[in-house]
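One structure, as structure tokens, below. Some questions next.
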Amino acid sequence: MARSRTRPPRRELRVGTYARLDRDRVRRIGVPEVILGQGKTVPHLLGILRALAARGEGAIVSRPTRSQLAALRTQRRAGLPIVFRAGDRIVRLRGPLGAEYRPGRVAIVTAGTSDVPAAEEARAVLVELGLRPVLAHDVGVAGLHRLLRAVRTVERYRPEVYLVFAGREGALPTVLAGLVRAPVVGVPTSVGYGRGGRGEAALTAMLQSCAPIAVVNIDAAVPAALFAAQHFLLSAPARRGRRAR
Amino acid sequence: MARSRTRPPRRELRVGTYARLDRDRVRRIGVPEVILGQGKTVPHLLGILRALAARGEGAIVSRPTRSQLAALRTQRRAGLPIVFRAGDRIVRLRGPLGAEYRPGRVAIVTAGTSDVPAAEEARAVLVELGLRPVLAHDVGVAGLHRLLRAVRTVERYRPEVYLVFAGREGALPTVLAGLVRAPVVGVPTSVGYGRGGRGEAALTAMLQSCAPIAVVNIDAAVPAALFAAQHFLLSAPARRGRRAR
Amino acid sequence: MARSRTRPPRRELRVGTYARLDRDRVRRIGVPEVILGQGKTVPHLLGILRALAARGEGAIVSRPTRSQLAALRTQRRAGLPIVFRAGDRIVRLRGPLGAEYRPGRVAIVTAGTSDVPAAEEARAVLVELGLRPVLAHDVGVAGLHRLLRAVRTVERYRPEVYLVFAGREGALPTVLAGLVRAPVVGVPTSVGYGRGGRGEAALTAMLQSCAPIAVVNIDAAVPAALFAAQHFLLSAPARRGRRAR
Amino acid sequence: MARSRTRPPRRELRVGTYARLDRDRVRRIGVPEVILGQGKTVPHLLGILRALAARGEGAIVSRPTRSQLAALRTQRRAGLPIVFRAGDRIVRLRGPLGAEYRPGRVAIVTAGTSDVPAAEEARAVLVELGLRPVLAHDVGVAGLHRLLRAVRTVERYRPEVYLVFAGREGALPTVLAGLVRAPVVGVPTSVGYGRGGRGEAALTAMLQSCAPIAVVNIDAAVPAALFAAQHFLLSAPARRGRRAR
Amino acid sequence: MARSRTRPPRRELRVGTYARLDRDRVRRIGVPEVILGQGKTVPHLLGILRALAARGEGAIVSRPTRSQLAALRTQRRAGLPIVFRAGDRIVRLRGPLGAEYRPGRVAIVTAGTSDVPAAEEARAVLVELGLRPVLAHDVGVAGLHRLLRAVRTVERYRPEVYLVFAGREGALPTVLAGLVRAPVVGVPTSVGYGRGGRGEAALTAMLQSCAPIAVVNIDAAVPAALFAAQHFLLSAPARRGRRAR
Amino acid sequence: MARSRTRPPRRELRVGTYARLDRDRVRRIGVPEVILGQGKTVPHLLGILRALAARGEGAIVSRPTRSQLAALRTQRRAGLPIVFRAGDRIVRLRGPLGAEYRPGRVAIVTAGTSDVPAAEEARAVLVELGLRPVLAHDVGVAGLHRLLRAVRTVERYRPEVYLVFAGREGALPTVLAGLVRAPVVGVPTSVGYGRGGRGEAALTAMLQSCAPIAVVNIDAAVPAALFAAQHFLLSAPARRGRRAR
Amino acid sequence: MARSRTRPPRRELRVGTYARLDRDRVRRIGVPEVILGQGKTVPHLLGILRALAARGEGAIVSRPTRSQLAALRTQRRAGLPIVFRAGDRIVRLRGPLGAEYRPGRVAIVTAGTSDVPAAEEARAVLVELGLRPVLAHDVGVAGLHRLLRAVRTVERYRPEVYLVFAGREGALPTVLAGLVRAPVVGVPTSVGYGRGGRGEAALTAMLQSCAPIAVVNIDAAVPAALFAAQHFLLSAPARRGRRAR
Amino acid sequence: MARSRTRPPRRELRVGTYARLDRDRVRRIGVPEVILGQGKTVPHLLGILRALAARGEGAIVSRPTRSQLAALRTQRRAGLPIVFRAGDRIVRLRGPLGAEYRPGRVAIVTAGTSDVPAAEEARAVLVELGLRPVLAHDVGVAGLHRLLRAVRTVERYRPEVYLVFAGREGALPTVLAGLVRAPVVGVPTSVGYGRGGRGEAALTAMLQSCAPIAVVNIDAAVPAALFAAQHFLLSAPARRGRRAR
């Protein structure tokens, strides 16, 4: 059974006046809170990570900014137990995240090479949670043979959820959702220029899909990964008891 | 075990020059094609339904227009085996749809009374597919006690997916996703006036949610229902191995 | 050789104070001016058609409004030599249009049944110009086998230009442009609801296409047909030299 | 009684050809003009501050740019009596502002740590005006217990106005406005990425709120603070009668 | 002392499966829930009002649709104790609303005659709540003398909050906020055509105001009225301490 | 000398509680206030016109709605001295408007027949003010010879201002502004469908014009006419006379 | 009489393969072509200026980029006869521009200090053309006394056109157009943050103005200046007759 | 006969895990895949080019980023057989592209000097494919004589397709399409500031064109070039039959 380390965290952890960490979240919803780096001041982010590290807890930071990354590298040299993932787009504070899942596969499929970095974020989060994604990159829609061959390979692993990354016109999730027996989540990526560029066309096209897909925001690889992870929740203690209610 | 009648349809059914029905879809992706009424001419829609009825196959039509409804009522009197659901927002051509699902619950939750009609569409589709949704309406976010009580009631049924309908500011899926251990799909409804009205604010807010939710388009209750249904797919031949894990 | 009747019109025809018909256009650019019904008052439209009919010239009217159609039907009974095409979306004033083309095929392909009415407009205009389009409707992208079979059939006619109609997510022109050896022009149709509905998503997605396609505006079937027709221009006097190459 | 120093300024102060300072404003509307740094040239901003300092008057500058801050630091070393607040997002020219208020509390509540810097601007302005805000940061909506506990703490101070800062989906003001007996002003912050990012979704969602809130623009912390301050105006001569009621 | 009748309602009232009325809201936030007619089915709206009437409770309905108004008129003849206000834009179910306020004035100012109907909604709600608004209509900004005279008249009543209605370019709240010693809330109205029409320009301009105003959505007269009413809340038990300061 | 009748109106005329007519405007700015019909209730509009008629003053109403027109026709039969202009898009209450202008020509040029109705509004207003516009309709940009011939004809009248009406791509004002020695004002018309339709593309294109033109809103023919009229204000020769007032 | 030097330029001047200078424009339309720096490569811009300088002709460059400015400074040291105006936002190549105007005043009025740099561009262009603008800066709308005093001062010069610069909510042109007897052109400036920031709100508000103003694009100070200059055109040969009236 | 070197590539080339090059595309659709640099990581782009170079195949890279260009320059020194085109906007990996075309001309026309760099991209791609474009730059629409002369020159080469580049108001393709007997493709360029700037107005105006043009996205010079190239396809095996007609 896949599990991502143990010890569930306590209810609320206050850091300075500026943060109240919701340490009960993983118990309530089955996935840990991922800390959004972007938008936080460097001192705030460091304060949060140090407080967690001091308690031996783990964490995931997404979308760190350049100045945050610089500060984090300094902190790592000073002993903060962090590692960088997905080309520095994900920062992992070592320590238990408290999430446990039954085995099963999430497929991560990308339309083009430019979508790979965003997909790597999702992969890194799933791996940190103890899940094992299956990958197929640069599958395109302008060359159907490429696509069909890649789908056949991925389907061998019988994925239970698909995360499909596409920028530009964002057609891939629609095409894929006509081919596979599992829920497809479209993840538009900020690829493309001109009108509808930076993922806008892809997002809107996915919302208009003639196939039954669900969508997350542009580049929202991490929310997509967490959404996928919830499909593999054990009805472990926290849900065993629910029965009893 | 829940199942929605039998006999899987054949590959492609041509109707006039204007339609090629993808009768293999339910086998490939586990949910049947739902025919979008809106946008089709009345003769085209009737032609499609008559062709299916002639072969004894079932179908679901969503978003029928007024003139389509009028024509369909005439046809029903003339013997076309159809029934109207969800306040005439869904038309069901009686006959097998070819989909089979394991038992399990989809929760349908609405923020306000105005969201109920859209939610009824999703409910009707799920019921036609043989699934049994759990409902909680008018749950709000401006009265947290209402919300918490409703969630507690719904959770007793241990739903595996949530479809959460909200218009206006669209906050409910975010709040719910902080409370339950199952994937939450936000369905923005075309409720609200002024800037961001007709579901625009709700959709954008759901895309920006600080909780890990996925989203469908405004009023896309039917795609949401199909997406949810895929979570309950039986391992069909093509997926037999999944069981073995 | 295909040709759409003869006698080229003269330079400028003034109708009342409100219209100056550019009767030289077909000579200059190889396709006749199509009169946009929508937006004109009924008296203005009738005045223009009567003036042309009085000189024995032909014309095409696109997007007639309801009140224009009603008035035109009355006029027809009164002897105005008009016929209605494409479900009344095109009105043809009988008489020469002045355009001549070499033989060759335009392919008209639609993603869904809802796109057929727009495609019929393009077909009607091409036929009136003396060209012979090849059609394939409801070809989809969510069922690739349907699509591949349809493309194979159409390709037998070796079309030199493709007009590809799609609403919703607008993926079909992109997929087709990865399969065929001819220029593909995407025509977004006003199909779809919610964000990006009424053709907005389709248009933007086509603009972002990862394949080399060109695009016209939403429902701009008639401009697309004229653009396609220009590919089959005979070397008229002004272009005599081209032949010689 | 709270008051922010004395001596009301005179009517209009001309600075070069480029500025006419409205020194009567605090008397007319009860709050001083805050100078928007962003958009002004460095010489213009310095000219204005030097002219005020020369008369011994105070001022507040919001949203100073980098080059303005650099120039202001140089000026401070040269004797300009300024201090920097809220992480350099507010510059205070020491000296009387002319505003006086009765005691009373403004609550400043933020949804997340990323909203704190904007909230600090509001806090700084209120403090400079002599008011004493109550703070609760990182209150979230995805963890209702956090939220309810924080609201209970803040309510102890019986705030008469709430300024509620939220980015992303902007749900917090709506939820709060269902819990407290005071006017709630939503302040969207430029937090979030993708569609609706940089505060766009938050603003629109607040405008669509199903609770009776008022809203200011994205990151408009300073206007929000001034709007709140007006609730604590003492009955100045022109409003003497209000007391008597 | 102004008060709008008595007996506070109980916690939650369920109506059919489709509504849970939050009867505790007036106690929690000081203003009653106003039922948004628009978007509700006629049976749902009638069901809600009948359930409230059966308990002798009052209610306010805003933005009733035509079909709702027709049904309500029938119901009134059948004994439902309702009255129509503000040109049928507000429906009042007679009976206590549970809100009580200290005396005080809200100013309602409109830029043009076209803004009067929206302003009438706010006035009707305030009057039903027991408050006494002061009015000044068609005050303009293109004729400053009109404006200054009107402001002088209104100011005599020493209003504590201003609700300022404007469509088109929406300049009036900005100009007014430079003249009066009270919080100004801008209410954009759906007046104007072309780009920025239907209130869009007015809303955006108010958000960009160079004066410290807060804003509600286009035509959101009722939320504006409730927001204003909260300024006159009596210290209810839960807020007893505020008095003591 | 052109003049549009005499007797200047007095300062402010109050009608009911809902209107304050700015009767000083024509003296202040040289053009009378035009009453915007659209958005006003029928009783309000009638009230205003009756009050003016009672004093023997004239007025112009623009954009009357259908129900206003119906009511006005009834009133006319009952003796209200009104006439309808420009296909009922302008209503003229007979009586002096108070404006006087020196002679001079405004050119009104339209790109297509569909722009004529909007242009007729401008023409009607100018004529009512006593000015004499020069017209050229359906001048196009896709047929340059048409355009050049029309410009030559118009130029013979030496117009001092051009009002150029265009929908669709809105290119005409740009092309014209490269040909004539007078200020060109672009008036986008709500002609066109799909993306950028209803005048949106025309407006934006005019704002981006590579020629020095000024622009009014979509279909804003009346403001354009008033703006043009101000060029012909008498303050005698070089405006010397204004002093004398 | 104001005039800006003499010798009219010849028809077309080709520079490399990349530019055809329209040297006939000043004769045709009465104002010279202003070269838009932004968007041109440095070699292209230098090539154009050198070609003009070689013929002893003058030119105006607007919106030079940083790299263009750097290159131009180097060229100036190398002898290119240029001067920098309006804080380097305008570059003047010395030499005749060919435009001549009768005397008369353009008023340049700004809402705030932040609008001054854009207004300076217009002033510089007018001055180079030989016209003499009247200025009033930081006139505001939130302090009407400031505004009225400034208008009174400016009106003494009897300006024949007003260019009114405003960012944020863009109310000033509307207010001014209610006070003065001359055409008012609104120039929105890219001042403001959040929704509607960077001039978007100002532009839209001006388009919606309830007063008869015309508008140019955001920061389009130079087109506004040229548009204003055309009001002062002398009757050139082609317009000789106008004098005679 | 024009041809761009020989040896057609094989089906699919996998590079690392991140790229599957579609080497069959040129055979299927007649134009090679152009690699979009923008959006790819430097290692991904280098990996792809090295893999192709290792097989002796050629490639075209469009929109390289600065860091990609820096890395590519280093690689070139290390022996990667690349050349830079169109001011470094196109990178050519030497080697066969596999495309062959019959002779014929594509016209490339630009509205202004600022459009030249984008047009240069199209020219470079066409030249690399073995086609010979005809150029006319800075043709304008504000000076019709310039335009007419340039069109006459270009028409001498009897181009079969026009690629027309324009930013700002984007009027040129519309005007040109009224003058020439060949399909016109509009290419909006990211030229212009303010509302509709960066090519937005140009794109929308082209979509609204009253002439029959097709359009590509803003700055999409390379897709436009490929679309044009398809007009010159030789009848390859799969299309052999077309000849026979």
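So that you can tell them apart, the chains are marked A, B, C, D, E, F, G and H in the order they are listed, and the count of residues begins at 1 in each.
Methods note: contacts are C-beta pairs under 8 Å (C-beta built on N, C-alpha and C of every residue); 3 or more make two chains touch, one makes a residue touch a chain.
Since this is a predicted model, take the numbers as computed values, not measurements.
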Between subunit D and subunit G the C-alpha superposition rotation, given in steps of 5 degrees, amounts to 90
Between subunit B and subunit H, what is the gap in Å from one C-alpha centre to the other? 44
Using CA atom averages as chain centres, what separation in Å is found between subunit F and subunit G? 26
Chain centres from averaged Cα atoms put subunit G and subunit H apart, in whole Å, by 37
Taking each chain's centre as the mean of its CA atoms, how far is subunit C from subunit D in angstrom? 58
Multi-chain contact sites of subunit B, meaning residues that touch two or more partners: 22, 25, 28, 140, 142-143, 177-179, 192, 194-197, 200, 203, 207-209, 211, 217, 220
According to the definition of touch, which chains form touching pairs? A-B, A-C, A-D, A-H, B-C, B-D, B-E, C-F, C-H, D-E, D-G, E-F, E-G, F-G, F-H, G-H
Can you tell me which positions in subunit F touch subunit C when the two form their complex? 87, 113-114, 116-117, 135, 137-140, 142-143, 145-146, 149-150, 167, 191-197
Which of the residues in subunit A come into contact with subunit B in the complex? 25, 28-31, 103-104, 155, 158, 160, 177-183, 185, 203, 207-209, 211-217, 220, 222-224, 226-227, 230-231, 233, 235, 238-239, 242-243, 245
Provide the residue numbers of subunit G that touch subunit H in the complex, in ascending order. 11-12, 17-20, 22, 24-25, 28, 36, 38-41, 44, 48, 63, 188, 190, 199-200, 203, 217-220
Where on subunit C is subunit A touching in the complex? 111-112, 140-144, 148, 168-171, 174-175, 177-179, 192, 194-197, 200-202, 204-211
